[in-house]
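What follows is a pair of complexes built around chain A, which joins chain B in one and chain C in the other.
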Partner chain A sequence: MSIPFPSDEWIQDLSRQLHESASYGRSAKDWEGDFVFVVEPDGAYPNTAYLYLELHHGRSPGAAQIASPEDRTAEFMMSAPYSTWRRVIEGKIDPIQAMMTRQLKVDGNMMKIMRYPKAAKEIVDCCACIPTDFAS
Partner chain B sequence: MWYFVAPQIVFGEGALSALDELEGRRALIVTDENLVSLGVADRVRSHLDRAGIESVIFDEVEPDPGVETVRRGSLVALQFEPDWIIGVGGGSPMDAAKAIWILYERPDLDPAEISPFVTLGLRKKARLITIPTTSGTGSEVTWATVLTDPDEQRKMAVGSRECLADMAIVDPVLTAGMPADLTADTGLDALTHAVESYTCAWHTDLTDGLAVHAIRLILEYLPRAVANGADMEARERLHNAATCAGLSFGNTMAALAHAMGHTLGVVFHVPHGRAVSMFLPYTIEFTANKSPRRYAELAALLGCTGEEGRVGAQALVRRIRGLCREIGAPTCLGDAGIERDGFEAKLEKLVDDAANDTSIVATVRVPSYGELERLFICAYEGVPVDF
Partner chain C sequence: MDLTSGCVRDEPLDVVYAKAFVGGSGLAARYVYEMVDGSTDPLGPDNPLVFMTGPLVGTAMPAAGRCTVCALSPLTGIWGEANTGGFIGPELRFAGYDGLIITGQADRPTWLSVVAGRARLHDATDLWGKDTYAAQEQVRGLLGEPRARVACIGVGGENLARMAAVMNDHGRAAARTGMGAVMGSKRLKAVAFRGSSRVPVADVDALSQVTREAMAFADEDMSAIAIRLAGTAGSVDTMLMYGNLPIRFYQRAEWDPASDLSGVLMAERFQNRNRGCYRCPIACGRETRAPRYGADRVDGPEYETLGALGSLLMINDLEAVIYAGHLCNLLGLDTISTGATVGLACEMFERGVLGSASTGGIEMRFGDADMLHRIIPMIARREGFGDLLADGSAELAKRFGAPELAVTVHRLEVPMHDPRAFSGMVVSYALSPRGACHLQGDMYGVDMGQASEPELGIPAGDRFEVSEQKGRIGARSLAWSNLYNAMILCRFLMPGAECVKRALNAVTGWDLQTPDLLVLGCRIVALKRLLNARRGLKRCDDRLPDLLLEPLDGGATEARVPDVDVLLAGAYAEFGWDPQTGMPTRDTIDALGLRVHFKT
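The block that comes next holds the complex of A and B.
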């Protein structure tokens, strides 16, 4: 059964996979910093969605779709149009290259993220494992 | 969407005289004590004198420069107020020059905040010239800066496309006195840059040709330059090769051999080029066991083989190992003088730091922790990677 993106179910599935991943756990064992992913509207998706992902010391204790970024305090906010998120999740563009070319905009200390590239890869790999149903 | 960036490059014998035409008032020369004692810094200074530019030398750059060093250099710059920063040396002085320049322009920044993801707003106070005195690092044409965090014993790559030099002066005369082992180590660094650039996940049409040509030049001229340091034709072609490799990987990325080499270099103080090149054949074998196409293609372009797949990739591995043996470079960690007990004691740190090295991001086949540990052991023992 596929899971729609973006949705509360989708971000919770990502959180569960990360929480259970030994490899993510080791690569992010010192990591502290939650994320809000902002899915911006474009031709393929008409709404704005906010997905909150809690990450702490190699685990993901929780996640939720939230109504507004003010609903949760997060150290990092990543924003991109829906179609860019889709290409990242499908592995069609590298998320680090997307950040470097500002296709994926980051609010937060990027160098902190760059000190955990293996963890970033694990997150993307987990995204790719979610049977995702895209809007178009 | 991607970028290709490069500074203005003045190259060939006598290129240093480009400084005679420089316009400005003051220049800070960033280098190391060795290059001062060899008279290289003074040669740069004499050209600046001809241009009517006052200069000061900051010669405190150590191998694998730390954050504190570049902070000290930036304080010198803030006091002297240069309109040019000139990095003269191998990778360490040039990387330090970039970081000193950034902190001079932006004293409010923590070096760890220098990233391609933020706008730095440089060139308000000064511009940057890079002058390599070794043929390997490519730092003269790249925007990355590698600094060492002494607390964590870990290298950190910082930088931004804004950190690219305004001018790179690639004069082979400056490499004439390099000893054979330094020539070998730095040449192998350039080789690793070019091979990883061609085969990494971020390779591009604009960088592939530079990588292939750099490899061809290195395979032909590195043995000659190591055997006879006075062979100026070999020196010049090798110097150009290192810059070609820098232009290539500076616009793509290094990969797994660099991730492993960075951590080995910091933990066991192995020279950078020797460290990354020792891992290169093992990382090729590992990656090619699943994704051999680019390696086989490269081997064919170099005339090593016409075979495809893993067989073709193996031909490239043999060619690289053959070069290493020809120039007397170690092909495994055990031969590089690293004691087994010390290696095993540090293996977990080596694995953890390599896994989270920035160079891992463009690696085509990212190893698991278990695979990375086995890779380190293969590279220590000098046995083929069959997984």
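The block that comes next holds the complex of A and C.
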């Protein structure tokens, strides 16, 4: 059964997969810093959604869809229109390419992110494993 | 400047040349084309050494503080060019010149000053043998101009090591293709520039506007932000993730200790400060230290150095790699060719192709930083086994009967970007006018989204794609890069073709349209191609080395090997080159307006 994106269920499934992933665990073993993913409205999705993902030392202790970015304190915020998120999740665009071409914006300590590109790739790989139901 | 006779001649800029080939390495190639032929010895007096600026250099345009050093390459035998940052390019223009062409050969060590429109030769006997930092300092003192900008060679250039660099502004390097050896062959230790001439700008208001836009772009562009934060070294982790950073002489896909070479770690542990070039808002340069070796001020290392003197040699001791880069700077050696040639020697040693008898008893083993620190000065001084390494990889491999082990294209050592990770690099390497080069059509940057230019048909795409279309994109990227190296604008500022076009028009008074940009780039590439044909380059030389066409086990390249023929077919078609001869067709020569320049 597929899981709608964006949703509380979807981000929790991602959290679960990361928590169990040995390769993510290796590549992010020293990582500390939670994320809020902002799904911005576009022609394919009319709302704004916020997905909070807790990440700590190669594990993901928790996640939730939140109503506002102020609901949780996160070190990083990553924003993109819905259709860009879809392309990233489906593996149709490399997340670094999306960042460099400003399709995906990141707020937070860039130096820290630059040290862990492999962990970012593992997150995207886990996203691709979620049976996702996109709105369109 | 003719060093044999000591004569200096001022020549006005040839405006026909400039409109056709812009400046920088394009304009230099146009001049050199007239001055050399197939028999010109790159280390002989007839090989002209050119310091050339471009129309944007020294203007208000950001990231236009560069200079190119060009000549026939003693390492490759074909066209050589090396681009350097710092302040030397603008200062050459402030001294009253767009470029400097040096011919002949001095009868003793010499240095040249160009101050406020006046060129003078000086005796350099006391400078000969000095390291590049000391030489720069001493020249400024001798000139009595503490703010003069100096380009010089080190011991490597003096001894004609074929990978010798020209160094300026402390540790900035015109590193590739052995321009330092050409300078050494002329017994020219240094050139110094100083002046206060105004750089001509046709439309100051238009340039002010485009400058503001370019500055604003640099503030927001993710690539510029990343480079500002951690320099080129900051990309080590990302390149590892892509499988782009070569490991163990281009033969391993993964090696976890390579992440010890991270530019982020370098910034945390060894960085003194950032250093920027003339009017650059990015300031990619890094000043570091290696206290264990008593080096408290080191320029760099750049990403390429961390790869060539680090992961390529299986050395993950960051401080040791920083020091190895420092040695190359002091001695005036290209870190890429030095690292790749040492790597080849290690590979040959471990395969038994080389024995201790040939190396003078030195154990050429991967992972040995002490060996690296010992061998670098030997290369520069051409001492013992270093004398063999000083001729570069292609010569070393050939000498010991293993040419298939050299990882070179057109005899230039391959930089730290693996074409198995970014297929478009096949075109960048195989068709680069100077041999394997990551700055002439940097397709890894295109497919990472850093160097894409959709307005010109250079979009970011699938890094593994192999198609004629990908080859065409690679050709456009190569043309665009060659225009960058002609204007001269740094590749780390890419505010878009429209912005660049307006900057060029504002400075020159030309009326270029956006499609004209690629025509200019293609014309420059074709010119260099014809020059290389004159030097003996053939279609069959457009190939990748065998080791880069072997799939790697595991890792991020996923055992892929790009199809060279498919990619090159697309590139030849895009350039309008005959796929059989690899040379511009007569129609292409006409379309590019080259026939008026040459009898072909």
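We take it that the second predicted complex is superposed on the first by the 136 of 136 C-alpha atoms of A that agree within 3 Å, B and C clash if a C-alpha of one lies under 4 Å from a C-alpha of the other, contacts with A are read in each partner's own complex, and residues count from 1 in each chain.
Note that in this section contacts are C-beta pairs under 8 Å (C-beta built on N, C-alpha and C of every residue); 3 or more make two chains touch, one makes a residue touch a chain.
Only a predicted model underlies this, so the values are computations on that prediction, with no experimental measurement involved.
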| item | value |
| --- | --- |
| Partners on chain A (chain B, chain C) - clash or fit | clash |
| Which of chain B and chain C A:T101 touches, first, second, both or neither | both |
| First, second, both or neither for A:P117, with chain B first and chain C second | both |
| Of chain B and chain C, the chain that contacts the larger number of chain A residues | B |
| Touching partner for A:H56 - first (chain B), second (chain C), both, neither | neither |
| Chain A residues contacted in one complex by chain B, in the other by chain C | 94, 96-97, 99-102, 106, 110-111, 114-118, 121 |
| Chain A - residues contacting chain C, complex | 94, 96-102, 106, 110-112, 114-118, 121 |
| Contact set on chain B toward chain A in their complex | 1-3, 112-118, 156-158, 201-202, 352, 355-358, 360-362, 366, 368-369 |
| Of chain C, residues touching chain A in the complex | 220-223, 225-226, 229-230, 234-235, 237-238, 240-241, 262-265, 267, 447-450, 452, 460, 463 |
| Residues of chain A defined as touching chain B within the complex | 23, 26-27, 94, 96-97, 99-103, 106, 109-111, 114-121 |
